[in-house]
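Okay, here's the structure, questions in a sec.
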Amino acid sequence: MTHNIAILGASGYTGAELIRLIAQHPNIEIKALSGERKAGMEMAEVFPHLRHMQLPTLCKIEEIDFSGIDLCFCALPHKTSQQVIAALPTDLKIVDLSADFRLRDPAEYEKWYGNPHAALAQQEEAVYGLTEFYRDEIKAARLVAGTGCNAATGQFALRPLISAGVVDLDEIILDLKCAVSGAGRSLKENLLHAELSEGYNPYSFGGTHRHLGEFDQEFSKLAGRPVRVQFTPHLIPANRGILGTVYVKGDAETIYQTLAEAYAAEPFVQVLPFGQAPSTHHVRGSNYCHIGVAADRLPGRAIVFAALDNLTKGSSGQALQNANLMLGEKEEEGLTMAPLFP
Amino acid sequence: MTHNIAILGASGYTGAELIRLIAQHPNIEIKALSGERKAGMEMAEVFPHLRHMQLPTLCKIEEIDFSGIDLCFCALPHKTSQQVIAALPTDLKIVDLSADFRLRDPAEYEKWYGNPHAALAQQEEAVYGLTEFYRDEIKAARLVAGTGCNAATGQFALRPLISAGVVDLDEIILDLKCAVSGAGRSLKENLLHAELSEGYNPYSFGGTHRHLGEFDQEFSKLAGRPVRVQFTPHLIPANRGILGTVYVKGDAETIYQTLAEAYAAEPFVQVLPFGQAPSTHHVRGSNYCHIGVAADRLPGRAIVFAALDNLTKGSSGQALQNANLMLGEKEEEGLTMAPLFP
Amino acid sequence: MTHNIAILGASGYTGAELIRLIAQHPNIEIKALSGERKAGMEMAEVFPHLRHMQLPTLCKIEEIDFSGIDLCFCALPHKTSQQVIAALPTDLKIVDLSADFRLRDPAEYEKWYGNPHAALAQQEEAVYGLTEFYRDEIKAARLVAGTGCNAATGQFALRPLISAGVVDLDEIILDLKCAVSGAGRSLKENLLHAELSEGYNPYSFGGTHRHLGEFDQEFSKLAGRPVRVQFTPHLIPANRGILGTVYVKGDAETIYQTLAEAYAAEPFVQVLPFGQAPSTHHVRGSNYCHIGVAADRLPGRAIVFAALDNLTKGSSGQALQNANLMLGEKEEEGLTMAPLFP
Amino acid sequence: MTHNIAILGASGYTGAELIRLIAQHPNIEIKALSGERKAGMEMAEVFPHLRHMQLPTLCKIEEIDFSGIDLCFCALPHKTSQQVIAALPTDLKIVDLSADFRLRDPAEYEKWYGNPHAALAQQEEAVYGLTEFYRDEIKAARLVAGTGCNAATGQFALRPLISAGVVDLDEIILDLKCAVSGAGRSLKENLLHAELSEGYNPYSFGGTHRHLGEFDQEFSKLAGRPVRVQFTPHLIPANRGILGTVYVKGDAETIYQTLAEAYAAEPFVQVLPFGQAPSTHHVRGSNYCHIGVAADRLPGRAIVFAALDNLTKGSSGQALQNANLMLGEKEEEGLTMAPLFP
């Protein structure tokens, strides 16, 4: 059985990545692609790497007939997404890749994003889209909110540890290294090749990065009490990949066992042998997340590493994984391609 | 029906690329992987990006039982390959990725590679593996010789033009830009990141690059008289991709029409609209070759551009495409994934 | 004796590069820096790599008192430069880094740049700034027009050969590879790291690149008859560097001798041993140009390679070299730092 | 007055960087360059970016007449250095760039480097070469031991804080990001462009990196009691640069003031405005170290960032800075060039 889908915001990187992945899916057909500023253009012009595919011409959202659409991916900018989704048919299944429906508490949303939420009903309904931890809710959901790519990385490293209570909740430091595609296709000076390549720097440090809203929400919920982690992202001269280096206090072996057991049956989360660390090289272009654990020389301290591709497992791959659950498809369908190395 | 295959030389980039592609193939099963110096190791150690796959442990070639193998990919170094293949069962189907069986004339082989050929019988039997131009021979072949990655690029740009006689055969210049993975996983100073990134240079220029042997053989055969092109490859700081810029004398529109018609029905060769040029960005990790044609301001001159991924269409993708033909599979099977961009 | 200078357009890459170079010059003092949109900002904010220097605050051009300025560098955008320079004091020495005063024929200017020239008097007065070939004129000039960076590269390879008549003037092909900083600090999608890194492509091909105006003017003047070369630039994923690969017909040894003699006494142009090729790696951040010559296997054909740093020898280094001549300083002053490698 | 120097191990990156820097020094002349395996070669062959310089031919150490040498830089591999230095004239001033003389306690040396020290007399005599903190000792020293590049980065961030007692000594975490040239010109698979570019990973984590020996020694000495920091280096796809992200417990404002005061008079250490972070882009190719301090949202926590160029301030620039002190030269001589950006 074929599912018809639409992608809103198909002219950005996450939209293009969705198309790349869906091209490998036997049961999903792309019926509509929107791109407000590029409406009327062919995808071959916007993303020449997709020129071999038969794809709908980019259109405006208002031109889409949603009656024949089974599921809609929203890859729109933050704030735009909530406005658009509020106006979509109320029985349309939606996977949103923006930040708009990740935070359940409207006050938290406003705190991190600066504006009152414009689609409160949908916000209440939305299910947090970290597939491995919300499978049942996602299967039953109409609207799934994809996680932040950094937020996903940190949670893969930490959720089982917080649930199991094997790390000191007040001493968690997440030092993150992100590639540039996470910032999207936006024209900013610091994203130019000449500004970015051959150097690196922290950004949004000190507790200001918006993905902290997700960490606060999810980790506190798991722990049953407020948890506030320290989080410092860095921009690295590469196109894809996130590496999280997580400093925790706890017994390294116990931490390793906890993670190894938590992910033993997960197809997309691979826990490396104890003492080994992952590399973003080895997950590029794939839906896999690699996790490593090492003991520090300082007793009672451990380091947990998590690596994933921000555009795939951190965004569009996760979105397709969720769509598979919502559509009754096999969760892995279209997502098992090996990473691209070198 | 499942075909059992072996990959000899699985610890190099083309070996790993074969595994990545075959992972998407529904009817091929990997039964054996050899790697002389790394025999006994798991692929997850040699190529951690493949750790999610169930793969045979690396072994020595002599440990492989070829009786159950339908087809063998040889991704061994030049010179080694001819020795190994000479000793393999004579009824085993083989796709060789080395340079050893590309040149039909033993004297030409010795001229370009410096040693007398050690497997003359197999050399005589081998079919040149540029799929789009040798389909029937490949379907019937036992041993197919994969082309050089640079040689493939130049031929996609030039073969239809030489066949049709629409360019001056004595005035062809091929300026090539290659990414570094074409040099393999070898430990050479000029392949270090610190030596290569942020700069670029020509190499093997002046008529010394071995792929000229393939150009000479193939173009002369097409033209029915000796054709000698000028060929200058350059090493570019990127991991995958070849861009050929071909300077020809002829009518640009005629040249365009000739190429457009030649590749109209080809699934993997895409001719762009007249006046547009391809980019290696848009073929990365895929089996597609993009071709562009433009007129120069100088009358009677045209530029033909061809872009492909050296590890995929230029090597392992071509190899799988050939194997599909040899095994009676659909030619595109396992090869239709979209390029990875960004 | 100290010379006081101003830099107009100091917030772009060529402006910053001028400051970097002048910092090594014992006899030049920077008195004013303009940046229209960033007026009022400190250079430490605009270019944090210059934060250790004591520099004037960015101002608007109209705020500069030119009475105390000995020489003014104009690193403004094309078209803006001619308007600004037309309004500057007529006795102020000027080195212009834009394209506005490179072409002597107003019709040629309009053909390549699309607008009638707005400062014809100054255009007539301007001296073409390729130092090695216009030394005497530059020493006497009030207004020097810096060359295009691609135009400089091609001319270093070809001028002595055209002057000496040792190559076929109707068969010159210049295949150029440029790094991205040549495009400036402009916010364009194709200059983003995610769009540019790990791939490469031609641009402005077929005879449309504006630097052809310079080639036509200079090469025709040298030859005493019209010369039209074929020119195809490519964008390479690196920040600095231009490599020109020039295909010529002529005797390779003669070509080599001609170049070796022409540059024997030049401090900044290095001719490599016959048969060796330069790399952009080895000129990065310096004012040196490396030239190589090789014979092709095809008789009567040679390849000339030229490599330089587009921001230094191709632009700001050349500008300082010219300013030294105009100010009576030693030509090499401030310009002898070694390239940065790796 | 001109000082004659020799560089032992001039065929590696730190040797080449020394030459690049000394080229800007008015009072130092290079009299001898050694390179065991490349003895007899010209530097133009080994490092073509230095081809414009008049330099001695590479020789073997035994061929050098040290009687006319005022100071010798040793850029030899670890373990080799101690053997060579033990045999040099005992009145020769030496700046060693290896790890051999950094640790004062022979037991600590053996613990981290695995072999008994072979030059105990010299080890006892050596002064630790972090210029800003050992100026007086360095001025009087015969043998100065250059610091590790990572060790320098961490110490610039932390020494004043530990001295002033404004951070919790038991809660220091140093997450470091290093470019690849720190690993030298060695032929290792993980240093290949194809393995390194476009990805990143931790290495020598968990308390195993040898620069911890320096941290332990220096921080404990400052604190007057054992201090053990947590240290996790990561390999980043860039050629030059180290960024240290240091997590400390203490008052961010106090920490900032402490650092600002400590470095107020230092020419090469720049403390950014409070709340700003440095980037390795802005120190590339220079002897500057940029330091930033930010408060975290978690009370009592701060983040200190330090960025420098591993080959310059982290190694060869530091070495020249020390040599200047030992030779009675101005400390900044030859070291004030601005960073190369972009």
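Order of writing sets the labels: A, B, C and D. Residues in every chain begin at 1.
By our rule, a residue touches a chain if its C-beta (ideal position, glycine included) is under 8 Å from a C-beta of that chain, and two chains touch if they have at least 3 such contacts.
Remember, predicted model here, so these are calculated numbers, not experimental data.
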item: Those chains which touch chain D and also touch chain C; value: A, B
item: Centroid-based (C-alpha) most distant chain relative to chain C; value: A
item: A-C or A-D - the one linked by more C-beta pairs in contact; value: A-D
item: Chain A and chain D, separation of their C-alpha mean positions in angstrom; value: 39
item: Separation of chain A from chain C, taking each centre as the mean of its C-alpha atoms, in whole Å; value: 45
item: Per-residue overlap in chain C, given as positions that touch at least 2 other chains; value: 13, 181, 194-195, 197-198, 237-240, 278-279, 281-282, 284, 342
item: Parts of chain A lying in touch with chain C, wherever the complex brings them together; value: 13, 180-181, 185, 187-189, 191-198, 237-239
item: In the complex, chain B residues that touch chain A; value: 13, 16, 19-20, 23-24, 47-53, 181, 197-198, 239-240, 267, 270, 272, 278-279, 281-286, 288, 290, 336-342
item: Partner chain C, residues of chain B touching it in the complex; value: 173, 175, 177, 194-195, 197-203, 205-208, 212, 228, 230, 232, 234, 236-241, 243, 245, 247, 275, 277-282, 284, 294-298, 301, 303, 305, 307, 342
